Amino acid sequence: MLSYTLRRLAFAVPTVLIISLIVFLMLDMAPGDPTGSLPLTIPLEVREQIRQSLGLGEPVFVRYFKWLQMTVITEPLHILAGLTGWDIAPGGPRILSWQTRSPVGDILVQRVPQTLWVVGLGYLFGILIALPIGVISAYRQYSWFDQVGTFVSMVGFSVPTFFTGIVFILLFSVTLGWFPSMYDTTHVVRDWNSFLFQAKQIAMPVAVLALYNASQISRFMRASMLDNLNQDYVRTARSKGMGEQTVVLVHVLRNSMIPVVTVIAIGIPTVFTGAIITEQIFRVNGLGDALIRAIYVSDWPMVQTITFIFAILIVLFNLIADVLYGILDPRIRYD
Amino acid sequence: MLETSEPVLQVQGLKTLFNTRSGNLHAVNSVSFNLQAGELLGVVGESGSGKSVTMMSLIGLLPTPPAEVQAGSVMFGGQDLLKLSQRSLQNLRGRDIGFVFQDPMTSLNPVFTVGFQIMEPLRRHMGMNKSEAQARAIELLDLVGIPDARRRLKDFPHQFSGGMRQRVMIAIALACDPKVLIADEPTTALDVTIQAQILELVKELRQKLGMAIIWITHDLGVIAGIADRVMVMYGGQVVEYGPVREVFANPAHPYTRALMTTVPSVRGARAPKLNVIEGQPPILSQHPIACPFRARCPKAFDRCGRENPARYDVAPGHDAACFWDYQTGAPR
Amino acid sequence: MTTRTVLLGTAAALVLAPASAMAERERGSSGHLNIIYWQAVSTMNPYLSGGTKEMNAASVVLEPLARFDNLGELTPWLVDEIPTLENGGVAEDLKSITWKLTEGLLWSDGTPVTSADVVFSYEYCTHPEGGCSYRDRYAGIEQVEAVDDLTVTVHFEDVTPNPYLPFVGAGSVIIQRAQFQDCLGARAPECTDANFAPIGTGPYVVSNFRPNDVIEFVANENYRVPTQPYFETVTWAGGGDAMGAARAVFQTGEMDYAWNLQLAPEVIEQMEAGGRGELLVDFGPLMERIELNFTDPSPDLPDGERGTREHPHPILSDIRVREALSRAIDRELLTEIGFGPMGMATCNFIVAPPAMASPNNDNCLVQDIDRANELLDEAGWERGADGIRVKDGQRLELLFQTSTNAVRQDFQALIQADWREIGVDTRLRNIDAGVFFGSDPGSNDTYLKFFADAQMYASLFEGTDPTPHLEQRRCGREPQPSTQWQGQNINRYCNPEYDELWAELNREADPDRRQELVIALNDMFVQDYAHLPLVARGRVSAASTTVGGIVMNVWDSEHWNQAEWYRIEE
Amino acid sequence: MTETAKAAPFSPDEAFRPPRNQWWDVWDQFKYHRGALAGLAVFVAIIVFVTIGPLIWQVDPGAINIRSRNQGMSMTYPLGTDQLGRDMLARLMYGGRISVAVGLVAMFLGLVIGTLIGVVAGYFKVFDSPLMRLTDLFLALPLLPLLLILVALFRDPLETMFGQAMGVFSLIVFAIAITSWMQTARIVRGDVLALKEREFVLAARSIGTPSLRINTRHVLPNVLSPIMVSATLGIATAIITESALSFLGLGFPPDFPTWGRILYDGRDWIEQYPSRVVWPGVLISLTVLSVNYIGDGLRDALDPRIRGR
C-alpha cells in the first residue's frame, strides 16, 4: 500500500508538471491583453510600458521556469511563513497578479476562508443530506419517498445554480428581506450574534450549493445501494437471521460507501476552486470569484496559479480516492 | 431412515406469486412435501422450475414485493412459518434453519472478515460474547475442514478459493446447530473435484450432526448419490415425489423420465446421444389451469390442456402429477 | 503647537458654506458609510492601475495639488491658489509652472508634506521600468524642481499652453516619499504594503485592504479640516454585478453608495421610484460613437497593406455614403433604449465641457431616412432586387463590429435595422472586450486594427482639455504596421486643414480662442462624417437618500468631496 | 452493467420468455419508468417546440418592433417582448434550437472522443497508461480559459469557413466536448478492461479476429449501455455548460439568443418582467430534467438485474 502510494505520488509529479506547462502555454497564447481593460484615456505608449513592466517582454520559457519556481517554492514558503510566523520566506520576486500588482499567494490566502465557509459548507451539508436520502431511496425503491427524493434530486441538478440563485435572492433578500444579498468578507465571528449574522449571510449560497451537491451525491448513494442490495451476500446475511437494520446499515452500507466515498473525495477539489457562478451571484469573494475576474481582465498569472493549484488538487485527490478505495475495499491490493 | 419420526417440516399447498409489470408470475403452485428429521431430500428440476423460490418462500427470504406468498402452510416446530412476524422469522433463520447458497463467490460479504461473518449469527442467536463466538468459529472452520482456522478467521472472503468459501458458507449455516439445512445448488458453481469434496463433507456432517437437509440441484447424479428422497419440480409444481430408489427405478412422470435420459448414465453405459428435452419451459404468467409440461410432453393429450393434474400415489410414498399411467402406458 | 493653530485657521477658511451652517457636525459624527463597487478595487496606488475604480478609491487617501470641481473648474487642493499667468505662477514663456503647497499640511502618519514628496511623485511615475499608468501626465517635462520646502516648479521642454496636467486631477496624486522611496521602477509592485495602504493627505486612511474584495477606511486624524470627514469609518465593498449593487442601495438599503450602474434605464427608474436612493448622473466627455473605416479592411489584401492608407475604403471613402449612414440612425431612440436619463443623443466629437461643445451639428439628431436615400442615390448606389443597394456589381454591405456588451448589441441590432431601411446590409460581429480593447499587435480583433468597416465603442479624455484628444485624429497618428498598430486615429482620418488647425490650438494660450478652435476642429471632423457620434454617456452612480453632501463630479473622482459627506438624521 | 451479466436469481421470468431483440426488453422496462416516460414526452415536446414551432409561429426572432417593447403576454406576443420589442416566443424557439443543438452535438462529439479513447485504452495495454494520464490532464484543465483561448485562436478561420453563426457554434460545441469526454472514457475503459477477459472476446481473439473487428463486433455493443447513459448525462451537462457560459458572458454573444443568454439578459428585468427570466430558466431546467429522467430510465432499463421487476 505504502509503496503503491509512493509510486503514484512519484508519477503525479510529472503529470502536474506537464499540466502546468500546458496551462501556462495555453494562457500565454491567449489574446487577452492585461491593458485591454484599462480606460482608453491611457495612451498606447504607456500601455506598452505597462506590458513591459509586467514582464511580458521575456521569452516564454524563461517566464515559465520563473513562474514554476515561484509557484512551487517561493509562494508556498511565503504562505507558510505568513501562517506560522516562521522566518522562512525567501527573498526574490514573487508571482504578481497583473491587476493588483501584489503577490498572488497573499490574495489566495485571503480568498480561501470565504470559499471554505460557503462552498465547503455547501458540500458538507450536501453530503449530510444526501447519504440518508440515498440509503432510504434505494431501500424503498419505487416507494413514494424514492419517487419524491428522485424528483427533488433530479430538479436539484437540472435547475442551474444561476437560476436558483437569482430566484433565491429575489425571494429571500428582496421580497422577504430575511438574508443579506451580499456577503461581507470582513465579518468576524466573535459571539452568538455575529455567528447568527454569519449563518444568515451564508445561508443562501450554502443552500443553493447544498441542494446541488446533495442531488448528485444522493443519486450516487442510491445507485450504489441498489447495486449492493441485490447482491447475494445480502441474502446470506438475511438467511443468517440478521435484522434488517444490520443487513442494510452494516452489510449493504459498508459496501455501498466504497464508491461513494471516492466520489466525494474526487469532488473535494471543486470546493477549493469554488463555485464560480454561485460566488458571483451572491458576491462571495472566494477563489472562484478570483478566477473568473482574473479571466475577465486577462490577469494570466492569477489564472495560471489558480488553475495550477486546481490541477494539483485534482491529481492529489484522485490519488487519495484510489488509496481510500484500497483501504475501504479489502479485495483491492495494490502491489 | 425413511418414515421414522414426525416430520420436522411440513409444507402444505404453498403458493407464491411474483407481481410483475407484465402480470403475475405463478412461481410456486400448491407445493406440498414433508421433511423428516435427519433425512436428505433432494429437489431436482431445471432452472426456473421453482426450486429455489419454494425454499426461500418457506422462511420469508423472498423480497416482498415483488414476491407474495399467497397460500399454504409451513409447519415447523409446531408453528406456521408463514404466519410468523419478520422478527420471529429472523430469530428462526440461521438458528433453526441454515442456508447454503449456490455461488460461494458472491454469497459472502467481501468487506468483512470471514470470522466476523461466522460470528455474526453466533452472537445474535446464541448470545455469545466475542471470545466465545471466536472459539466456536474456529471450531466450525475446523469442522468444515479449513486448515489453520484461527489464522484464517482474520482473512477476507477473496483470500479463499471457491471450494473453501463454500466450506465457510456451510460453517455459517451450521453455526447454530440448525435442525434443517437448506442447500441451494451448493456445488453447481464449483469444479468437479471440489464438488465431490463438498458432497463428502455434507455426507460426513450429516452423520455427525444428524440434521435434516434439503438439497436443491439440477443434477440427478448428485441426488442418486446422497439423497433419501427426491422431489422433482417443473413449472412451479411438484411433478413427482418419492424415495430415491423408487423414483429412479420407476419414474412415473414423463418429465422425470426425460430428465433421466439427459443424464449421462451413472453406471457408465453411455446413452447413444445426450438427450435434450425439446421445447421451451412454460411461461409462468398464465394461471396454472393446465398441465405445465403439456407443450413438451410426448404423451400429452387434450385433457392436459384443460386441467392441471393432481398428484396421485404411484406406490406408497411415491406420487406423481400426471394423467398418464406409466405402468399401463395409457391415460388414467 | 503653532502648526496646529495655523492649520485650524486655514481649515476654517476652506470649509464650505453648507458645512459651516451645520456647525454641530464633527469628524466622525456620521458613523459608518457603506460603498459598493461591483467591479472591485484591485490596488490603492492609482499609478499602478489606471482603472477608474482604483483612481476613485485612492482619491479619498491620495490627493493631487489641484482638482477639477463638479463644474470642471480647477480648484486648489493641497495649495492655496491655482498658479496662473496673472498671479505669476505660470511663466510668461509658458514653459514652467510653480506650485506653493499649503503650509502645515500633514501626512496621515503625522509627518509634514514637503516639495520633496511632489518631486518624488514625479520621479516615481516617470521611472522607465515602473509602468506608471499616468505617465502621460508627466510627458514633456524637463525637470521638477523643489525650490524650497513648500515650493515646486515644473519646467517643460516646450511651450505648454495647458500646464495643468502634472499633479492635477485624481490620477496624478502626491505620494509620500518616505513610504515609496524603495519602490521605484521595477520594484514598484514589490511594495505591496505601500500600494495597498498608502499614506496620504486625504480624509481617510486604509485600515484593511483586500485586493478585489473590500477596503476598510478610518478617518484620517491628521486631515487638514479638523471637523472632517464626517463619516468615521467607510467600508468599500467590491464584487457582484451592477444589478446587485443597485439593489443594495435602492431596495435592501445595505449600501449607501453604488458606483457605475450601467443598467437598463427602465429597470433603474423603477428602482429609484422606491424612494430609498437617488440616481446621480452627470455628463462628461464620454461618448459612444461609430467609427467608419477610411481604409480597406479586406482580408484579400496582403498583410501589411490591409487596413492601411495605401488602400482607401471602396465604399466609405465617399462622404455621401458616410453622411447617409449617419442620417439613417435614430439617435434619440438609441439613447432612450440604451441609456435613458443616463445618456444624451449627440452629434459632436467633443461633447464636454459644455463651453467646448459645438452648437452647430444638431441636424443629425433627427433621423432622416429620405435624405439618406437621396444621398445614396446621388452616390450611384442603386437598389437591388433584395432591397440592398448595388454599385458596379458591388453590394453595399458593411461589417460592423463592437465589444461584447448587452447595450452595444442592442445598438447594433437597431442600427442594422436603420441601415437596412436605406438599403445597406450590415453584418454584425462582437468581440470579447478584453480582446477588442487590447493592444496586442498579434490579434486581428483589436479596435486598433479595425479590420471591419464600422465599429462602435465609447471614448473620453481626462480633465477638461480636449487638445490631446483632438490630436489623435491627425494624419500619421493612425495605427499601421510600422507602428505595430499603435495609434489613436482609429478611422485613419487624414485632413491637412485639420492638422493645421490643431497645431494652432496647441500653441494658443488664450482660453476664448482655444474654445473657438476646439469647436472648429470638432465641426470639421464630424461634418466630414469621419465618425458618427451617437450618445453622450453620463456617469451614473446611486446614493442612499440618507447620505448628504454628495456632489457628482465627472471631471475628477466621484469621491472628491467625500470628506463632506454626512448622514442625514431622520 | 452489461446485458451479458448474470441474471439475478429473483427474476424467474427471464428464463421463460422467448428470446427477442434485447432493445424490446429495454423499451419494455423503460416504458414502466414513469419518470423516464414523462421525461421522454417532455423532451420530444421541447424538440418539437424548437424545430416545428418556428414553422407554425412564423415570427422573425430578430425583428425589432420598438413601439411594442417590454410587453407582457398577449395574443400578438404570447410570451411578451424584450427590450427591443422582439418576440420572446420566437426568440425562445430560436434560442432553444441553438441550446438543444449545442447539447446534442457536444454530447455526440464528447461521446465519440470518450468512447474511442476508452476503448483504445482498455483494449490495448500499451496505450492505457498514456491515455489515462491524458484523461487526468484534461480533468484538471479549466473550461473557461480554454474556451477563451479557443475563441481567440480559431474564431477567425472558423467564421470564414462556416460563417459567424456556425463559427461560434462549432467553437462552443468543440470546447464543451473536449472538456467533457473524460468520464465516458473512464467508464468505457473500465468496462472494456473487464470485457476483454471474457470468454467470447478471448474466443474471437483465439481464432485470429483482427482487433478492429473484435472491438466493433464484440466490445462496442457490450459497452453500449454505459455509453447510452453517458449520452443522456452528456446532453444535460452540455446544455447547462452552454447556459452557464452564456450566463458568465463568455458563451454566445448577445445577438445569439440561446436560452442561457436570454436568461442572462433578462436577469436585470426580473422584477419588472419576471417572465423574461422564468421562461428561459424553466425551459433549460425542463430540458435538462427530462433528459436526466430519460437517462435514469435508460440506466434502469439497461440493467438486466432489475429489468422485469
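We call the chains A, B, C and D, going by the order they appear; numbering starts again at 1 in every chain.
The rule we apply is simple: a contact is a pair of C-beta atoms (placed from the backbone, for glycine too) under 8 Å apart; a residue touches a chain by one contact, two chains touch by 3 or more.
What you see is a predicted model, and the numbers here were worked out from it, not measured in a lab.
Counted as hops between touching chains, the shortest connection from chain B to chain C is 2.
Chain centres were defined as the mean of their Cα atoms; on that basis the chain farthest from chain A turns out to be B. For the pair chain A and chain B, the distance between mean C-alpha positions equals 54 Å. Chain A and chain C have Cα centroids separated by 39 Å. One simple way to say how far apart two chains are is to compare their mean CA positions; for chain A and chain D this gives 24 Å. Separation between the centroids of chain C and chain D, computed from CA atoms only, is 46 Å. Looking at chain C, one finds that residues 432, 435, 443, 445 touch two or more other chains. Multi-chain contact residues of chain D (touching two or more other chains): 9-10, 148, 152, 250, 267, 271.
The set of chain B residues that touch two or more partner chains is empty. Chain A meets chain C in the complex at residues 31-33, 35-54, 93-94, 96-97, 99-103, 106-107, 110-111, 169, 173-174, 177, 180-182, 184-186, 280, 283-285, 289-290, 293, 296-298. Note for the complex: chain C touches chain D at residues 242-243, 263-264, 266-267, 270, 299, 333, 337, 404-406, 409-410, 412-414, 417, 427-430, 432, 435, 443-445.
Within the complex, the chain D residues that touch chain C are 62, 64, 66, 69-70, 83-84, 148, 151-152, 155-156, 160, 164, 249-250, 253-255, 265, 267-269, 271-272.
Contact residues of chain D toward chain A in the complex are 8-10, 35, 133, 136-137, 139-142, 144-146, 148-149, 152-153, 236, 240, 243-244, 247-248, 250, 263, 267, 270-271, 277, 281, 284-285, 288-289, 292-293, 296, 299, 305-306. Taken in their complex, chain A has these residues touching chain D: 15, 18-19, 22-23, 26-27, 29-32, 147, 150-151, 154-155, 157-160, 162-163, 166-167, 170, 174, 223, 226, 230, 232, 273, 276-277, 280, 291-292, 295, 303, 307, 310-311, 314-315, 318.
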